[in-house]
Amino acid sequence: MSLTQLVIISFAGAFLTYFSGKVSSKLRDVFAVIISLVLIAILSYFYGKTEELRYFSFLGLPLLLRINMLSWYFAITIAVVGALSIIFSLSYMKGKEKTDFYYLMMLLVNAGMLGIVLSGDLVSFYIFWEIMSWSAFLLISYNRGPALAAGMKYIVMSIIGSVAMLIGMLSLYTNYGTLCISEISPLIDSASSGYILFLLILFFVAFGIKNAVWPFHTWLPPAHSEAPSPFSAVLSGILVRMGMYGFLVFFYVVLGVKLFLGLGQGLYRFHYILAWIGAINIVIPTFIAMFQNDSKRLLAWHGVGQGGYMVLGVAMGTSLGVVGGTFHIINHTSYIALLFLVVGAIEYRTKGIRDLNSLGGLIKKMPITFIGALVGACGLIGVPLTNGFVSKWLIYKTLILKGYPFLAFAALIGTWGTILSLYKFLHNIFLGQLPEKYKDVEKVPFSMQFPIIILSSVIILFGIFPGIPLKVINSIVVSFGLQSLNINIWGISSETGALNTINILTAICIALGFVWLLFRIGEKKVSIAQDDNYAAGAYVPKGKYHHTVEFYNPLFRMIKPYFKDFVDEFYLLIVKVGRSLSDKVRKLYCGDLSYYIVYIVLFLAVLIIFKLGFNV
Amino acid sequence: MDRKDIKKWFKEPGKMGHKYSLWAVYFCTGCGIIEVPPVITSRWDAERFGVIPVATPRQANLFLITGYVSVKTLKAIIRTYEQMPEPKYTVGFGSCPINGGMYWDSYNTIKHLDKYIPIDGWIAGCMPRPEAIFIAVTHLWTLIDKGMATAHIKYREKYKYYRENQEKVLKGLDWPPLYPIEDSND
Amino acid sequence: MIIVAKIFEIILPPILAFIIGIFFIGLFRKIMARIHWRYGPPIIQPFLDLIKLFHQKGFSHGPLFDLGLILSLAGSMVLILFIPFGGMCALGNSGGLLVILYIMLFAPLGIALSGGEGANPNISIGISRKLIIALGYEVSFLLVLLTLMTYYKTISIVDIVNAQSNFHWALFSPLFLSGIAYLMILPAILGIRPFDVVGAPQEISSGPTAEYGGRFLALFHIWHAFSLFIGIALFVDLFLGGGSNPVTFFMKMVVVFVLVTFIHAVFPRLRTEQAVRYLWRWPTAISLLGLLLVQIIK
Amino acid sequence: MISALKKELESAFKNIQIVIPEDNRLTITAPKDTVLTILSFLKDKGYDHLALISCTDWIEEKEFELVYIINSYGEKISIILKSRISRENPQFITTIPVFENAEPYEREIHELYGINFEGHPRLTPLFLEREYEIPPFRKDFDTRKYVEEFFDEIPFVEENK
């Protein structure tokens, strides 16, 4: 089983499902699920293997496919999240039209991402990058209306990113004549630091836009909230993290650790500035997320916020930091995808309601979805016994031990921002009074519950036994050239403060058991209905006894003056200036011939004067 | 005042607990509430007997009906009484809740409150002084001790009749009955 | 023999913490009574309340209503194992201050979830106020912890306590600024006046506990006792050298607790914005200064 | 001041009797149909605060007497306007167009005396929880008989039953 067959299967599978969709929708669903499961099987076969082969040559440039521990780590995440979201969309897309096109695009996005991760040289990297961006664009603007604007915003910014990457590749090719990653890294060591800085800026823009790093994050919230939920799970889960893959490859594989840390001096070292961008990226979006009223937009802002942790971890350059950063990527994928699937399940049952102020009390009707949302929220916050906690612990430890208290402060305050916004998310949808119109909402079908259960168990499993993923990530870090950590099944043991999840687990279980016994010895409890509630002696007004609107109003009143997204306004300003300029130019072409002749004559006159004046 | 009697604490902790930590619902139902603030503040400190006012009926086990009960207040009293957890005691202030008092012939006040909710004890006096309230509390202790403070059990057993009376006075209560009513029981 | 000592070390702190916490609530009500110039309940009154509450049939709104409360109490119990208590610290080596910070999330999260299931706007308003005030004091709380960690260059609390042995306490070392900042936010951590807008009985009928009856209220009172203990034990551990045996540790805690009770007796209740505006202004400024001081010294 | 007002009123309206019992009080008794015009006349003159509307039941003369108390913050004079309406079919027009704050008073009088005010937006029950065939404030409503018929009929909840 070679890499080329893997890529061929993934692409052929996409088109096969499209055509089988023409035959019958049942066949298409089955086909899509089989393709994604086959991909997972093939990838698990490739664990631990590192090979490189040339599969094609494109105008003289060898196109390589290679796999090593880093690309395998990303590939398995892509395959798993892709399979789960397709299983989820089996029943989510039942009533909608154009579903063949939807499945084609979903599988194409998966195939594109696999291609990126497996590509050995920059040309194929770029080709797969374009496939991914364009199919993502088509999927974002899938359900018409506002989604078109969101898709437009997304595709314009990702084109800017791809162009920046293209310029970087061209300059690399002209200087070194080759584009395979393995050959470039030894050559680039000899380059001048100015040239490296130029490359860094270009690739930072390219990958920063895709990873929604703080200055380039404005496309993400509208894109995530308008895309269909199964795709926004993939989009926010793993597609956005292709930017992180790009950072890792470019910083640690192409540049190498010494060169990356050595850039710039004193306070202006490149990786220190990158860390600060990551820190800002944590704080501002989580505080914006707190005041959103649309559930998917709230989660999208968290996608931006959590990206900051990864950039912070990777930018630290120590082995602990990089391990924390890469581990956070897979953690973030697990719980943000879970939360988006939960929102999808709720949309499916309440006919497309996403507004947080008109839902409530759904825990009684959809308990499994609530458990998924709860575990996802705990993972996102970083409650101990979930995987989010372990990766955040690693990142904080590096920040504190390397002596960056202010960065650690920004990261820690982000946690409390996530708590406030995620409790609002849980409370407004699941807790509180159940409104009248959702009285007869019933459970979500199993095909939707299965991905939710799988993702929740992944979160808990990696939280209690972090050793499993950490062993893989440790070998990645060793391949980067950093010294490895002694990792065992329950966490990290090191002299400067160890992490032991098993102790925490046993302590919490014993405490829970003891308190449960303490709870049982009292008088037996009387369970009552939801409307038998204390309302100062009056009867509970139906449907009006649920506090959701302006949930954090005191805080909002304080933060309100600073609560504008300056970056978005800056871009809108650019757009306005651009439009007015192009408007002037449009006036030139007024369509009748005489004007054009006058323009030509004038231009010639100017040329002649220029020629005489300066007898050049 | 057998609070220090350790043996009794071990024999029947439930009774002793309820005796020495009576939490009163802070809900003024009539003119008598003017007597409650002096009871709970510095002059006649009720907290030394463990009696403190609490915000919601959910946390309380003592309900003070202070003063005459109009038909409108009866609705809120029934609602609050039903929301209190099970071992609950009620004390009526003054003669108005007993037999209507000076509003005996008024069309808008309830004459015998114990037709609608069970009452454990009454305090005589047109608004009893704080000392009278303390005497009532001590009487309540003896009642609890002897196991005679069983108003809440009576309410549970005879709920059908209480509910009928309540529906007669207040046309159509807009909350479901607290305990299931078996229609043909006798 | 070591195993017995280890088990002993695991079981004893929660029990002692419970007793000290209940004693603190009794002391609290006694001091408040004496300030009001009245006799006040016996010191063991909270214990009697607990006995009564365990004999009351509380109302439950659903499975999450009970589990949330159980989770928050279990979380505070586990937290006690992480805090060195007069020379005993059961889980001192599995995570240090960062884990303490994160296990502190269990309690507000548990109560928020169980309160949310209670489906009562009073509770939701109480919980949103609790989270806002928590966001308010977390800013300076994190800064204080970060200054400590960078000053002692470790993330384990046991090392910090050992570093302060034989009387050079952190409160009188260059960390005195952080100590003052911690004292300023201590009423907010413990949830007592001037920051007790969370469970204001008059405004939102005692916030998150509006729907709690018999057993639930008992568990809530035990959790309140534990949280009093944790708030003060952390201060004593981090700034007053943490005591070699439980008795000296307890003495230091009583001193700090009486000080905080007097603050409670004097101040009115701040509104939520006033509280957050205060918390983000003065304690944050002082803790930032402390951090800068430590950075300059290092 | 008050005598000037008396003269103006007498000139403006016929068949009204004006009495000045004290120096800053003035009582006018006027027929039913001139009440609205007098009220708006007084309001233009600066007496813009309607303090109270009440009603007395003259059961012997079979009439209800509606009393409007108006005063002004400027001159500190309070004017009491009385008018009689028949008791059999108690009909009257609402004064909300002149004084908006008359709405609750008229609702109360409607509930307790049974006087119907046309043009009143919502004549719904205000204080009483129960319906009564004879509005309770009327003199022919015998509260003792009502209590015996209604409240005493409700059985006690005995121990043994």
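Going in written order, the chains are labelled A, B, C and D, and every chain counts its residues from 1.
Throughout what follows, a contact is a pair of C-beta atoms (placed from the backbone, for glycine too) under 8 Å apart; a residue touches a chain by one contact, two chains touch by 3 or more.
All of these numbers come straight from a predicted model, not from anything done at the bench.
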| item | value |
| --- | --- |
| Labels of chains that are neighbours to subunit A and to subunit C | B |
| Chain closest to the assembly centre - both centres taken as Cα means | C |
| Chain pair with the greatest number of C-beta contact pairs | A-C |
| Of all other chains, the one whose Cα centre sits farthest from subunit C | D |
| Separation of mean Cα positions, subunit D and subunit C [Å, integer] | 62 |
| Distance between the centres, which are taken as Cα means, of subunit D and subunit B, whole angstrom | 40 |
| Centre-to-centre distance between subunit D and subunit A (centres being mean Cα positions), rounded to whole Å | 72 |
| Residue numbers of subunit A (touch at least two other chains) | 523, 526, 532, 534, 536 |
| Contacts with 2+ other chains: residues of subunit B | 56, 58, 75, 83, 85-86 |
| Residues of subunit D engaged with two or more neighbouring chains | none |
| Each pair of chains that touches, named by its two labels | A-B, A-C, B-C, B-D |
| Complex contact set, residues of subunit B against subunit A | 27, 56-58, 75-77, 79-80, 83, 85-86, 174-176 |
| Sites on subunit D touched by subunit B in the complex | 127-132, 136, 141, 143-144, 146-147, 151-152, 154-157, 159, 161 |
| Complex contacts: residues of subunit A adjacent to subunit C | 361, 363-364, 370, 374, 378, 381-384, 389, 392-393, 396-397, 400-401, 403, 405-406, 408-409, 412-413, 415-417, 419-420, 423-424, 426-427, 430-433, 496-500, 503-504, 507-508, 511-512, 514-516, 518-519, 521-528, 530, 532-536, 545-548, 551-552, 554-555, 557-558 |
| Parts of subunit C lying in touch with subunit B, wherever the complex brings them together | 29, 33, 36-42, 45, 48-49, 51-59, 201-202, 205-206, 209-214, 217 |
| Contacting residues of subunit B [partner subunit D, same complex] | 71-72, 75, 104-108, 110-112, 114-115, 118, 154, 158, 161-162, 165, 168-171 |
